[in-house]
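Structures given as structure tokens follow.
Consider the two complexes below, in which subunit A is the common component and subunit B and subunit C are the respective partners.
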Partner chain A sequence: MVQSTQKDGSLVFQFSGRLDTMECARIEGEVAQQAQAAGQPVVFDLAGVDFVASAFLRLCLGVQKKALGNPLTLVNVSPPIKKVFKIAGLDKLVAR
Partner chain B sequence: MQPGDTIRLSASNNLADLPTLQETVRDFLERRVVPAEVIYNVCLAVEEILTNTIKFGYADALPHEIAVNLTLSPDEALLVIEDDARAFDPQTAPKPDLTLPVEQRPIGGLGLHLVRSLSSRITYRRQNDRNVLELRFRLPINLPLTDA
Partner chain C sequence: MAEPTTNADIEAVMERANQAAAVFTELDQAQTDRIVRAVLEVGFNNRVRLAKLAAEETGLGKWQDKVIKNVVGTQFVYDDIKNLKTVGVISDDPVTGIVEIAQPMGPILAIIPVTNPTSTTMFKILICLKTRNPIIISPSRKARHCVAETARLCYEAALAADAPEDCIQWLPEVSREQTHALMTHKRLALILATGGTGLVKSAYSSGTPTLGVGAGNVPVFIEASADAAFAVEQIMLSKLFDNGTICASEQAIVVERAVAPVVEAEFKKRGAVFLDDAGVKKLEAVAIEAETGLMNPAVVGQPAMTIARMAGLDVPADAQLLMAPLRGVGKQYPLSSEVLAPILAYYVVEDFDRAVNVCIDLNFHGGIGHTATIFSNDDEKIQRFATLMNAGRILVNQPSSQGAVGGMFNMLNPSLTLGCGTGGKNITTDNVSARHLLNIQRIARRRVNARFAQFDSAKYLDESLDAEAIEKQFNRNW
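Let's look at the complex of A and B:
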């Protein structure tokens, strides 16, 4: 599941639950469209997420590619998910 | 946990089957006090391998069965996935170029890369027109010997 809000000049998406293949297919169109239309930095808050599959990595890549210079940052990422991003070479997207 | 504890599951070639399958795998492992990191890795392997098979493995639109067996021994979790999809060894999939800047990274190829990185050993064979894939996940040596 995902909700979006404006905060401190960024568009923040709050995800929850398991971001598996099916869930990502369901949400990625809307997330990508909102992120691209926003024209501002995008934040993915994963505080409520306990599992991501490669489909979510692809969603992040897709958003970053169309961001037109605006950064994508992931926050509140649990250790196992941080490890997944690191293995995929995408740990630069994860806030320290 | 009893030595050689096994669960035998199956899914159809339909992505909608995956969440229920995942829940069953997770429940089986949690009841046996398997560490959360190993549970994550096994579940991710199930997700990525089956997604890949379902999306790319069949030339027809017919229903197919994918067998998923999981066996726990004191030192490892053994995941065996068997299907009648076209022949495919996940170890032969090209590795993604992780040195590219994010903006230039291709979208695909990450799922199998994750599976190869998070499992301790992968064995593939083609047998009777079926793919038989074995993925092993090492367990910490101080796993308790009884059910929680």
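Let's look at the complex of A and C:
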């Protein structure tokens, strides 16, 4: 189960391990639903994430869409994951 | 002796080049090498005069550093290619039955940039002659006289060594139309395009095979295990070289906080000035053109004090380098882009991962495929850094400008045309050299694959046999 908490006016999701296709399919609905209902900025904390499948990139895009104008930001992104977002052209989501 | 060429003469230029290409095919390796040696000697012996000509005509950089560039373009390049087989049979493997034969490509158009005019001219002449390809030189308008003089000297020396007539031609007057006509000419074999992005793109768009270069935006990571004082010394040596005109020169320094105080003290000790936010704003206004986001040509190759005066910066009279502390990378931080001048972006970050992330941002902000540098004594971190960069050259503990061109601080092929791979819209990440200017023919003698010979090919028609079953039978070894 993905953990979510409130922090500094944002809904923060804590991810870890491998975010492969199966795992993303398992958590996608819940994450998207919470993000949509929150009506506030959403943060994905990727500390400890060592793999993301393309399903996670889609999940990010889906959440960004459902967050209805509230920003989605990725924090604690390791360099290999940062490179994935860079090459995919989604690095604007990654916090500087 | 080739006469200066006018716009109307493109057909004549190509006709002469084509005839030179034909005659070149008659030369053997020894004759070819004698020509190359003659050109090396005249180029090297004129290294100082040509450097001064280049500095005077272009107004860029320092003549003393242009001498070193001329040395790279002659002595270092020659040393690298002199023993290369470039004529006839270059390898014969009795086991595989493959014989490789080197053939020249044909007339090559060499685009010469304003930043390294005489050195690039000599480098390209040497690698073209070594491969028996006639060269047609098209210089930057701002460097046409020094390039013409360089080409003339080399051509006279080549002729004296029995090179084919018109093996070197140059265009004293260059227009866009001329360049376009040459690039698209049906008899042109290859373009060696060293220059700005627009020019390289038009070369690639011409339909003629092209070896080009990409833009750089070189990040330099001073990792926590680095010898910080040594790193700064090397960076200064490189960034001040010819006032920063080499495209592989450092553009941004990324430092882990643990070593930042030492790094900053070392920079200051060597004449670097750290600007405050107001200073950064003033500097970016003159160094980067607001409309394009690209470097302002007026600052390229200028000393730090000249640029400081242009920007209205109050800096000590002996300032060597302008350091711009930045908080991010991208269009909103103009100085995070490439500037070929003594200006460096500067970032202090908490740890290794954050530092690498900033380097990834810099690398992808206009410098994909070019060069990245790390100062570190931790092999594991060097490897991690290298795999995360998209760069043809990952330089370790060395000055970036001199390191990337090869031969002085590492064993990369000495070159003044640095391939940047597909990220930089190039076909290679190599330091381009003579070996790229050959068509290699392969004689393939009959050597029947024993596994194929013993395998019943009719089995491929049996759909019940899957890949594993076929492999088992194909690889059977009684």
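FYI, the second predicted complex is superposed on the first by the 95 of 96 C-alpha atoms of A that agree within 3 Å, B and C clash if a C-alpha of one lies under 4 Å from a C-alpha of the other, contacts with A are read in each partner's own complex, and residues count from 1 in each chain.
Quick note on the criterion: a contact is a pair of C-beta atoms (placed from the backbone, for glycine too) under 8 Å apart; a residue touches a chain by one contact, two chains touch by 3 or more.
These numbers were taken from a predicted model, which means no experiment stands behind them.
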For this session: Based on the superposed arrangement around subunit A, label subunit B with subunit C as either clash or fit.
Result: fit
For this session: With the two complexes superposed on chain A, say which partner A:Val77 touches: subunit B (first), subunit C (second), both, or neither.
Result: second
Exercise. Who touches more of subunit A, subunit B or subunit C?
Worked result: B
Exercise. After superposition on the shared chain, which partner residues are touched by A:Leu90: those of subunit B (first), subunit C (second), both, or neither?
Worked result: first
Exercise. Where does A:Arg58 make contact in the superposed view: on subunit B (first), on subunit C (second), on both, or on neither?
Worked result: first
Problem set entry | First, second, both or neither for A:Cys24, with subunit B first and subunit C second | neither
Exercise. Of all C-alpha distances between subunit B and subunit C after superposition, which is the least, in Å?
Worked result: 5
Problem set entry | Overlap of subunit C and subunit B interfaces on subunit A (superposed complexes) | 80
Exercise. Touching subunit A in the complex: which residues of subunit C?
Worked result: 327-329, 353, 356-357, 360-361, 364, 384, 388
Exercise. Along subunit A, where are the residues that touch subunit C in the complex?
Worked result: 77-80, 82-83, 86, 91, 94, 96
Exercise. Which of the residues in subunit A come into contact with subunit B in the complex?
Worked result: 18, 20-22, 25, 51, 53-55, 57-58, 61-62, 64-65, 80, 84, 87-90, 92-93
Seminar exercise, completed: In the complex, subunit B touches subunit A at residues 15-16, 18-19, 22, 36-37, 40, 43-44, 47-48, 51, 96, 98-99, 102-103, 105, 107-108, 110-111, 113-114, 117-118
